[in-house]
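What follows is a set of notes on a single structure, which appears directly below.
Per-chain residue numbering starts at 1, and chain names A, B, C and D are given in the order in which the chains are listed.
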Amino acid sequence: MANDEKNNRGLLDRLQFIDRRYIFIFIALAVIIPLLLGLRFEEKPSPIVLALYDKVDNMPPGSRLLMSFDYGPTTAPEIQPMVDVILRHACLRGLKVYLMAVWATGQSLTVQTVEDVLIPEFPDYEYGIDYINLGYKAGNQGLIRVIVDDMKRMYSTDANGTDIEQVPMMKQVESLKDMDLIVSFGGGFPGIKEWILFAGDPGAIPIGGACTAVSAPQLYPYYPNQMVGLLGGIKGAAEYESHVLDRYPDSFKTKPTPGMNMMVAQMVAHIVIMLFIVFGNVMYFMYRGKERKLAMEK
Amino acid sequence: MLRFKAAIFTLLLLLLFCLSAAAQTAEELSDTAALEEPVYEIPRLAQVTNFEAKDSPDDAGGEIELTWDLSVDDKKEDGLVSKYVVLRSQNPTSDFHIVGVANHRDSSYIDKNLKEGTDYYYKIVTFPKYQGEVRLTREEIDPLMEQYPELTELDIKDVSMLAEYDRDIMSVFDDNILGISRVAGPVKSRAQWFNSKDLDTLIIGLTICISVVIFIGMARGGRKLFLRRIGGLQAIENAIGRATEMGKSILFIPGIQDMDDVQTVAGITILGRIAKTIAEYDTKINMPVSRSIVMTTARETIKEAYLSAGRPDAYSDDMVHYITDEQFGYVAAVDGIMVREKPATCFYLGAFFAESLIMAETGNSIGAIQIAGTAMPAQLPFFVAACDYTLIGEELFAASAYLSGEPKQLGSLKGQDVGKFIAMVFIIIGAVFATLAALTGSEDILEITNMIKSWFSA
Amino acid sequence: MWRRTVPIMITFIVGTVLVVAEFIPHKPFGNLGEDFSLYFDIIAVFAFILGGGNLCRVHFSKVYRKKTDWQFSIVTLLGFFVMLAAGLFKIGNPEGIQGDVTAAGSLFADLYDSMFTPLQGTMYALLAFFVASASYRAFRAKNIDASILLIAAFVILLGRTPAPSLIADFFAGAGITFMATAFNFVPTLTDWIMDVPNLAGQRAILIGIALGVISMALRLILGVERTYLGSDSK
Amino acid sequence: MGSDLIGVWIAAFLTLGIMSFLYKDNPWYKFSEAIFVGLSAGYWFASLFWQSLHAKFWANWSPAVQSLFQGQFDYNLLYTGAGILGLMMLLRLIPPIGWISRWPLSVVVGGTAGLYLINYLVSNAVRQIGSTIQPVVTFPESIGWINSGGVIIGNVLVFAVLIVSLGFILFGRNTTIDLPTPTKLFFFLIALVACALGTFYSLSMPLNLTGLIIFMGVFCGLIYFFFSKEHTGFFGGAATVGTWFLMVTFGASFGYTVMSRMSLLIGRIDFLLVEWLKVVN
């Protein structure tokens, strides 16, 4: 019965009330194919992304960069590409990297990032001399407020339980003010905003940020006075990656660019949705035109 | 200058004294910086003026507000002052301790966590910027901090500067070396019984509430009030009728928040009206919920509806069942129920988040009539796109009053309209003054605008 | 009396006190609102026993009566009790019973990471598909309202991709400067829509909601609306 | 490494199970759903037990009781009330006195009503009205979209919206103002000329008119929500314009969220391709 009905319908009719599963297939393909092929477009970095890039790029080797992992697994797909590219850039420039987390969920992400990016790609980097994982400490913005003046009051050991006094790269670090740049990843609470208000402003420390696309608009007002630069969502990651690739083609040729790949997937999916909207409207008007004609004939 | 020399002299004496007295610390200190290099001189900065302390108004007690005029050394953007150190004591002459620090160019500080009814005295110390390097190590600073816990309010650099200058750190604050203000006080903190800052809010709130109450009263007195039709509410009865004809069930989703969200309460009150119709039509209702208290309440509500429809025997507790508190776990189960039971009508009335579209699209795919209502601005677009009727924001709260048909409930809606009218009047008046102020640049009109604005700035 | 009048009186008293307390900073009114949320949290835990009990009852009876899909009810019950035991007794918690319930390394945290997170993330990700199918169906220029909805959504969608600048470059290359300028304005237009008409609409909705809530709350406090209390009889 | 691998496989299995729902309902989805419901209910109860009952209630209440035995009154003793209300809730399990559970319920509803009344009054009504009190016409400042020729675009749009709205109020089908057609035409022509002049004027010396649109949107939107007046005449026209603004709002928020939803899906697909299948580096 239902089948008969379906067969009796005209082509236009069927196209207008297309089974939504066809749409699902197109969306799935729009995401999977670009990811599988590893497609990527060159992106022109916007000024706010370029500003952060320049800051990292212009720091002399041996400068201290603090990366704070303030996000969880649900937003990791959006944030992780930015973490990876900035970490790679920093290691390439020979910066000393300090990893920490203000979110409890960030702790395992720091470990994972070290295992996935730092150890395999930069074998010269030695723990305790070139990079350190300080791990997660509770206290939210209160933690930031304390370590702005005194790091060791909160961190007596690193994430592995090693005494901080034994770590060579912590010898000269008294407080956050000894950092040359802090980048916070994540736009939630506590996040970039808290880093600006409780570390950047009182301690006059340059703060950079990387957050999800949704929270980016709320952070724009801090740029450029209180924030060095900001990467917003996958687009931000893609722009940064594209620029690094442009400047250091030899070192980055072989490195993955998840941001750029995801950006293509996202753009294709967007375009597919828009095409569907256009298609739906064309069908609708053709259908209506036909109906009107039929009505006139009657 | 003489004073400085005297101070340095005293310091050296003190150091010598320390050397002989405490052999342990002496060993550490003797051959390091302290003796070999010249001691850092603390510049004496001008003190603050007009220093006053008073009970901070409109609080729950335990707070004192300090205000002062900036030190003359702090008038310029790049002055010599780094911070103002706040000292407190319970007697006017001695025992002053650091309680807090205000940044340079700040001219007020609120001291918190005080005992009510106790007399307090305050001093402000103008603290200089430190130009040198941090010389003391942690091993030296930590015991000092332990001895004087209040020093944690200061930076390491500040403590180290003070320590270099004078080992007996707290005495520095009692000496007249730093720019110290006069003592302010005695002052007591008190809790207030009315927050005068909220007066504007109180007046606006009272106006709206009173107009609602007046209209409820008028309606109760038999006055006929006109109310326009709302599309989504007209559709409810048809939707229930359709389910009855098709012999299928009705799905009711009260959102994913608990009873402590007023949207859930609104959803439940609408449920009361709908359930009565459902009982009269003898249709099945299925209500999965994600909170236990909502489950309890919904059962009471539906039971009452069946009772008043004269069909208490048709009611069963199984109509309402709990699934899980987890947002997406709940949605997964609801989606499953939808495709398996294929309800003819779905109601989504309550507080929704990202799950709104997942449910509404699944409901659409099974061809159900869908009526939604929420006050979550972010989710309204999805309901508008995927449902047949959507109660937008305010309509959700008005719906149960509408459906009840009771005059006193309808009266409250009329009162709401008065609130809207007041809002519109103030928006117009405010906008007119603001525009005049912007175009003419007149200070007087600007002042009027700001006054109107301040009523609405709670 | 005890069943209906007392609850209505309680609602009235609690509601009024909380409204009045907002204007009184003095103890104990100052933080009555926070106290209420605490109270609510505690009541909610007790109430969960009813909810959890209901969940078990529904699924046990499904298994017992061998209703359709009763096998999956076993899975649900199994999941429930394993997670409950892992959490309540803090099984495998490195710090024992004193540790935080979500401490890394415990069975609770492991189950959360390996099963809960992917399920949650995937359910959330389904939204991408539903957004697509909803926009295909809903965004049709059927009437003025729908057309406005369509245009606003389309402009925003377009403005959030690099497409406009690509198209503009194409037109500029082809020498049609008029079209190039038009497409270069799309991002500006996107911002304008977000900042101006969108903001105005949001404000109207928010003010309306506020008035709706006030009137609804008054109806509840004054006992005009009492459906949620159920009936007088048993 | 082994347990990691098992974890990835379980995650992939469940991910695909949920996704299979897109095709149609099937046992794989039913299994994933069943496990999700069971696990999450257990998860919530265990965390509520420790984080609410234990940390908020027991940890405060039991010391207070102890100090009571030592003859001291502790403010935390008031938590007894919460405990009693919670127990009352459980009395539902005993049907004859189950009605007592309405008491804690009315505490909850009363408290919710009181809190929301105040919160919405302050944060939604009062603040939103306050921030709408803005000049409708200003001399432009150089912020954001305004400096890139946005003022001109904005003003052209403002006039377009004004003229269309007015035209609709005058000539629209059900809601027209009751005036003879020539008079309406006259008004409309005057408005058209005014808008055209305004457009040219704003091209030469840009005034920022966006405030006017915001004002109109809020005003007409509120009119749409009026319950006690039929949507006819001027009122109906304004209400219709109000619905247009609501539609723009809905369309814009819809379009704006699409991007973030896509990145969630990309994240899951990325998990499947990279961590599970390892087909992409």
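Keep in mind that, in the parts below, a residue touches a chain if its C-beta (ideal position, glycine included) is under 8 Å from a C-beta of that chain, and two chains touch if they have at least 3 such contacts.
Here the structure is a predicted model, which means the values were calculated and not measured.
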| item | value |
| --- | --- |
| Neighbouring chains common to chain B and chain D, by label | A, C |
| Pair of chains whose C-beta contact count is the highest in the structure | C-D |
| Reference chain A; chain at largest CA-centroid distance | B |
| Geometric centre distance via CA averages, chain C-chain A, whole Å | 24 |
| Whole-Å gap separating chain A and chain B, where each centre is the average of the chain's CA atoms | 29 |
| Between chain C and chain D, centroid-to-centroid distance (C-alpha), Å | 9 |
| Centroid distance [mean C-alpha coordinates] between chain C and chain B, Å | 19 |
| Where chain D touches two or more other chains, by residue | 18, 21-22, 30, 32-33, 36-37, 39-41, 43-44, 48, 89, 92, 102, 105, 108-109, 111, 113, 116-118, 120-121, 125, 129, 132, 215, 218, 222, 225, 246, 249-251, 253-254, 257-259, 262, 264-265, 267-268, 271 |
| Of all residues in chain C, the ones touching two or more other chains | 22, 40, 43-44, 47-52, 55, 102, 113, 117, 119-121, 123-124, 126-129, 131, 133, 135, 137, 139, 149-150, 153-154, 157, 160, 202, 205-209, 211, 213-214, 216-218, 220, 228-230 |
| Residue list for chain A, restricted to those that touch at least two other chains | 20, 24, 27-28, 31, 266, 269-270, 273 |
| Chain B contact footprint on chain D (complex, rising order) | 18, 21, 24-25, 29-30, 32-33, 36-37, 39-41, 43-44, 48, 89, 92, 101-102, 105, 108-109, 111-113, 116-118, 120-122, 125-127, 129-130, 132-139, 211, 215, 218-219, 222-223, 225-231, 246, 249-251, 253-254, 257 |
| Chain D contact footprint on chain B (complex, rising order) | 200-201, 204-205, 208, 225-228, 230, 259-262, 265, 293, 296-297, 300, 323-326, 328-330, 332-333, 335-336, 339-340, 377-378, 380-382, 384-385, 392-395, 398, 413-414, 416-417, 419-420, 423-424, 426-428, 430-431, 434-435, 437-439, 449, 452-453, 455-458 |
| Residues of chain D touching chain C in the complex | 6-7, 10-12, 14-15, 18-19, 21-22, 30-53, 56-57, 78-79, 81-83, 85-87, 89-90, 92-93, 95-96, 99, 102-111, 113-118, 120-121, 124-125, 128-129, 131-132, 144-145, 148-150, 153-154, 157, 161, 210, 213-218, 220-222, 224-225, 242-259, 261-262, 264-265, 267-268, 271 |
| Residues on chain C engaged by chain A in the complex (per definition of touch) | 102, 104, 113, 117, 120-121, 124, 128-129, 131-133, 135-137, 139-142, 150, 153-154, 157-158, 160-163 |
| Parts of chain A lying in touch with chain D, wherever the complex brings them together | 21, 24, 27-28, 31-32, 35-36, 38, 76-78, 212-214, 233-234, 256, 258, 262, 265-266, 269-270, 273 |
